[in-house]
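One chain, chain A, links the two complexes that follow: it is found with chain B in the first and with chain C in the second.
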Partner chain A sequence: METRLYLLQRISAMVMAPLVLAHLGLMIYAIQGGLTAAEILSRTRGSFWWAAFYGLFVVVVSIHGSLGLRAILREELKVTGPALAVIAWGAGLGLLILGLRAVMAVVI
Partner chain B sequence: MMIRPHQKHSLWLAYKLHRLSGLVLVLFLPAHFYVLGLALTDASALDGFLKWTGNPLVKIAEIGLVFLLAVHIFGGLRLLALEFLPWSDQQKTWAAMAVAVSFFMAVAFLMNAI
Partner chain C sequence: MSASDKPLSVSIWRGTARAGEFSQYTVPRKKSQTILDVVSWVQRNLEPDLSFRFACRVGMCGSCAMMVNGKPRWTCRTHVEKAVQGNKLVIEPLRNLPVIKDLACHMEDFFDKWTRAEARFHPTKTRNDDIEPVRPDSPARILASQGIECINCAVCYAACDVVEKDKNYLGPAALTRAWTLMNDVKDRAGIKRLRAVSGPGGCHSCHSQQSCAEYCPKDLNPTLSIAGLKRMTAKAAIKGEL
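After this line comes the complex of A and B, so read on.
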């Protein structure tokens, strides 16, 4: 179980690495001259590629973030058993739902 | 508090920084998603929020977040290299470079933000 989760954490990191680098670059580019809703939406609305990019990003970050949180709770705060599982799943699903909703909001 | 021997290792700091940056980022994400979700329900609220981000204190927080994201990705790449590539003596150099490039990213963000 722990070994599998460890591997899942590393695989999600590998998938996410290029996405994060692109996100960093995009932020530095997009912030120039300040941000407006219209500016963001003109870039993202109706774009299949941004939908795919951020859709994948949200799915992978939900896995990576919830597993990271789980590791911290387990190792630093000694949380175990059902409580650990409930928090990790709750965080993962919460991130997934909020994240996909955000992607929908900016691409549709 | 006594500092245990393994905590004197400089890579201990890299490990702590990775955990801490990851924790802050995962706590930040719901707020990030919520704000973007405003485009769905109340576009003027999104613009109002974006205007609020012009506040210098918010800018400082943003620069901090960019730094944390950068330090997490470059620290993470270091970790992946460490675990999945053959071992080398360059580990500390890479860790230092991860921080250096992260500072560069945060400064680049700062230059464009002001």
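After this line comes the complex of A and C, so read on.
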């Protein structure tokens, strides 16, 4: 179990690294010319690639974030057993739902 | 009188885990004096009931480790001049281990974790079989050699912040021993040991902060050994063996 979670944490980090860089670069690029929200939405709406890019981003962030939180809770606050699983799953699913809602809002 | 001739001002922890305090002693400075020489001088001249462990005095047995000015050290091989600040020495029992009395700690947890990590030899042969040839330059033997000089002094265990936070964590010494055995062609514990080191508090709890490598008196790198176990367990998990 710990080995699988460790693998999931490392793989999600590997996937996330280029996505974070692209996301940061994109934000800096997008505000250079003073793009409006409407102009950004005109590019993202109906775009399969933006949906795929940010959809994947949200999935890996949810995995990575909830596993990181799980490690912190266990080490720092001594949370163990079912409580640890419930909080970690809750955080992961919460991030996933909120993130996917945000992605849908800009691509649909 | 130069700074190095000035008597040492030594604070030593006296008491048990429940109650205790630092006592102050003035100890004469000697040439090539070690920290173990200092506590031995205090015991022989001032406090006959001062408790501490030592045996070999030459850095082999691993029993004399203590905290010296906040750092875990093997006291028989640490010269005063290396650890002293001004003329002050603060000597405490090892961190992360329960104190029995004064500078002596319970080592039970430390060695129980070796057992939990399957950090013992599981032979493949009987006394009637021929000895397995091991080439010194074989890749597995080179990896095993990285951790083989461990003297079980628990300096790494005292240096580790993960041990401090997570009482369940096996610790750098037990995991290094497990890694050494995983690279021993004469050992057969394989997957059984990988299971033992990959549960809660196993090798994946290591944050690679490298305090163990920083303070190991034998210049071993337990972080590297633990990283090896992480790789090995990950490969076994991908193959479905764990």
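Quick notes
We take it that the second predicted complex is superposed on the first by the 104 of 108 C-alpha atoms of A that agree within 3 Å, B and C clash if a C-alpha of one lies under 4 Å from a C-alpha of the other, contacts with A are read in each partner's own complex, and residues count from 1 in each chain.
Criterion: contacts are C-beta pairs under 8 Å (C-beta built on N, C-alpha and C of every residue); 3 or more make two chains touch, one makes a residue touch a chain.
Every value quoted in this text rests on a predicted model; they were computed, and no experiment measured them.
With both complexes placed on chain A, chain A has more residues touched by B than by the other of chain B and chain C. In the superposition on chain A, A:R74 makes contact with chain C only, not with chain B.
In the superposition on chain A, contact of A:L98 is made with chain B only, not with chain C.
When both complexes are overlaid on chain A, the residue A:T3 reaches chain C alone and has no touch with chain B.
Residues 10, 76 of chain A touch chain B in one complex and chain C in the other. Of all residues in chain A, only 1-7, 10, 74-76 touch chain C in the complex they form. Taken together, the chain A residues at the contact with chain B in this complex read 10, 13-14, 17, 20-21, 23-24, 27-28, 31-32, 34-38, 40-41, 58, 61, 65-66, 68-69, 72, 76, 91, 94-95, 98-99, 101-106, 108. Listing the residues of chain C that touch chain A in their complex gives 162, 165-166, 198-200, 202, 204-205, 230, 233-234, 236-238, 242. By the touch rule above, chain B contacts chain A in their complex via residues 19, 22-23, 25-26, 29-30, 32-34, 36-41, 43, 46-47, 50, 53-54, 66, 69-70, 73, 76-77, 80, 83-84, 105, 108-109, 112-113.
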